[in-house]
């Protein structure tokens, strides 16, 4: 099937990861999947939340926040200044879980790692772009922390990236943009490690229920699409701009 | 593997669905998966939310709310009286999406169907118990609405039920209770239709990433476990207490 | 006067108290006054609120929360997720004051007793049903705490129960259900101890102001109506289902 | 018993009602019971809340708000800027109910009467001072509305005033100030009409449960104490400063 | 230009400062600029906010809160019970900054000084009336604290007062009342010390942009208008009612 | 005086305005004053807020929102998800007032123009950068609206830009960065039109009160500093990247 922007089914949009995007954060990138642009930053604060205070062995914490600028969407999105909406909470919980799968928090005692994913432009796939970018920002921050002696051993235990995979008219297509997303029968987000293990999978039938064979095909598509993205992450984690 | 309560891997806990549990709701059940007990009710109000007001053809809306009594958990859970927490929002969005997959809202114009799932006792699997129970409450409510002539044609397009499937020490086990849940490497929620199509699948690696073969096995386990549950739903939807 | 359900003026509706209704709470009952059903639970946490922290002699605290399931009422009630409404606050303050009258908190140092009254079905008298049920749940919880050695001496100093009394067309009637309540000229809630002392009395002229002679008659009606209810509380506090 | 300020048991503190205290409100007074000072105002807006919009016959609405200045209490009280506390809600509901008993809202169609009681200094009895003052402010506002032709017939159907009555060491004492209030065994608020009918009664055992004979005595004390207060209200309602 | 109330351009409205207005606050006044009336109180609590806890040398904190009674305005103003509005926050920040300019907080270690400005009647200039009144309340509170030995050396380093200055049809006019304010081209608030230094200046073109020459003229007008007001502050700070 | 980055007193930091930064907004720029970077966007929605609904002649509305990404500051800033803080409200009100001075809203009937200023990196002067950038975004949006025929006549009536001016050790310095800002005796924000009229001026003595002569000097410095910035705005408003 010819996609509206000429991509093959397994092909993600042009990806770009710009490291050191933000002056103040310990680690930061601007991550782009096509027109979707997300500032991903990592800030590290001392201390852990109450439920971890007496954990044995001591361990750190990693949490994520996600937000969209009002102007990120074609119709202005209201700021969430009184209540954090369900969609936002669902996404930031997904990002947090995924990145906690990438790090051994027992090697980061007494520290809270906050990942902020701020979408400055949205065109589909904001949560997957966030995860892929956050992984690089986390690596950059860990490098700083190790250089400064605040972390003794490298706590990164997995490299994580994400892509959405959808089904449109029986075709399995990776990295849906907004136009594709709005006509997909199924939209699944797949979070993989660089050794092709699954960290999180979440799929919803938007128009039609799906089969377990389709789930297999979707995961395989994600594996193929994420391969070059893991490469880009490696380049950006060394501090160089990475672009597909 | 012998489970701590003697169940086989494919076996859900004792299930009970008590219809007409609540005097005022249009449809209602008490749904039980083992010690997990959820009151599922369906209330129907006139009108639709603003984003559907001028939809063409006109269509109704279905939304879900989920809550736990403070005393439902072994440690008292604080009431969410100022902010609705992320976990709550994630779950009620899941319930809403799943049940919207069961109904053709174009056949319910100018009406908002609210599903309330109130957990009065929690022992693992509260979201899957909610979905299974809500399906029956929805059918009961639809029956009332059709009898009263407020809905012309039966809008139910699928029968939906859910079960959690986890992996513990490489074993795939269905319907985890709280004890199993807390030591699972992976916890996946599977929402199926009675014709074995998937409506929603959501899995998170809690301790170890997983493979696509495991995803297949998990879905197959869910299919087997849900088969008798679909039967119980049918009995309860006729107004009789159903018990496995 | 013949009441619409055949009761005499001094007669409460059929009462049922089911002890140990909830697996996790330290004490719990399902309390029913006719079709009004309330889950009353007692959870005990360590520590006291700031204003009691340096009290001398040290003393514990007892507080109450009240809530209705959305489906408890004939028209769905909106969840109080951003603000706790005035009616809710008024009722939970009443329950808290009443139960604090039943216990010597100096015998429960460094402990916060939280009473949760969750109305799962409402048909008038939810606050009085809550108080009567909470008393039993409190006794059950105290028994557990004493058995576990966490409370040394029995802190229960009074047995408390409540009933509403109304005036309709000059007739004094106890335990109004929803239909009676909506046409009452006066609705008074009376909280008594088993030795016929008054712990709290609260009455509002709904349609016509009333006299002090009527107040006397109302209290006398409450005394008569509550006599068998105190008996049922005793049975349930021994762990047996009690039913009038 | 000699009271700490020399009053007899039936004697309220010096009372002062200053009419026309506020330039902008339709009706307003400064009401003082001893050192307790409350600004009571009545503002009238067009329209009624949704639940009355289609009432037949059409009727208006009366609601009350109560607040304390932070500096009104000996220890500064935090402003309620995010949540309205339980005590505040309980009091403003009491004021609203009491004043609704004074007016026939069917004679005030399509109008919402808001009574604001703002305590600028507190020394016990803020809710009773509020009710007594609000009654006068309401009369003043009604006079304006009738003069302006916005109300056709006088809707005032009762004159309402309130006083607290407490029991200290078996002595029944009216109009407790803060010092007395903090050592009372029982504190009851009595809202009467000028023809000695009861509109609202609310009493709580603070230290010891009480008897129905005590309730009688309390109401009788309230009747005696309120007699001169009804006189003062009449003077103030004519626009003259009234002082006992 | 003849002003609607006969004042000269440099002339403030009749000013009145009533000290010791509130029984409980450490310092308090009722401040009046014409029909604008503000209760200004100072409460002192032990401790400082977190950001000052380890400051070296130790220093106290001064903060301000501003609020209007609903009945203070010609149209009833809604209470800010869920969100504090932008205007309120802007004004209370201005009051806080201005009064912090009047005191050396290093001489008030471990103490938080809260200034409450509650507008009971508004007719323009509520923020300037608040600042002028708060200065006197602060002096009165400092006197008490020094008398009680809680402050060793007098921390007052400047005497502060404020006035609004506007431009209407090219005329510079001080202390605008509501009528003037609503037709001003420019409204500037000027906070001066008694030695004619500027602590804060804030001006907004309401209808037409202005020139730097006009800014000069405005400040000169403020200097002239505030001269007698500083005198009144001195009288009131000695505990005597001061009136222009 | 030599500034820490070598600038002269009248010299702003390197300024850059990148137009069309955001794909979805009607008008947008990235505005940079040195390391301070703000995304300024303009979204236009149909309708006006209630208080303007019946204005005659009909007029549109312009409002502004300001926010900082958590990672914009050297220490992570907490998201304002439950309450909008005082500083935020003060700044967004300033931006709104300033930009309303630039446009004739009677030429934009039935339309709400929302300006969003989102600080992605902060190094002093975020509010002035926001105003300067928002002016360009507004012009770009107006161009679009006129091209699409939604606005008939060009409503822009003034060109607005802003700069902060501070006093450090008696030296008047423009466009303070964070380091300078934190040691300034006085910090003033000056909003000018391109014809050197003042739209808003707001100055606070941080350490020492100031004189009216200093106010004059500050305004003159702002005039000089803003001259080249008005030029850059003109370039960017034509759709070209502008850089000093």
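Chains here go by letter, A, B, C, D, E and F, matching the order in which they are written, and residues are numbered from 1 within each.
By definition in this document, a residue touches a chain if its C-beta (ideal position, glycine included) is under 8 Å from a C-beta of that chain, and two chains touch if they have at least 3 such contacts.
What you see is a predicted model; the values in this text were computed from it and never measured.
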In terms of CA centroids, furthest away from chain E sits chain B
What is the distance, in whole Å, between the centres of chain C and chain D, each centre taken as the mean of its C-alpha atoms?
-> 28
State, to the nearest whole Å, the distance from the C-alpha centre of chain C to the C-alpha centre of chain E.
-> 51
Distance from the mean Cα position of chain F to that of chain C, given in whole angstrom | 59
Name the residues of chain A that each touch 2 or more other chains.
-> 82-84
Looking at which chains touch, is this a line, ring, star, complete or other?
-> ring
Mind listing the chain F positions that touch chain E in their complex?
-> 83-87, 89-90, 92-93, 97, 101, 158, 188, 193, 196-205, 208-212, 215-216, 219-220
Show which residues of chain F lie in contact with chain A when the two form their complex.
-> 22-25, 28, 35, 39, 41, 43, 45, 65, 67, 69-74, 76, 79-84, 114, 116, 118, 120-123
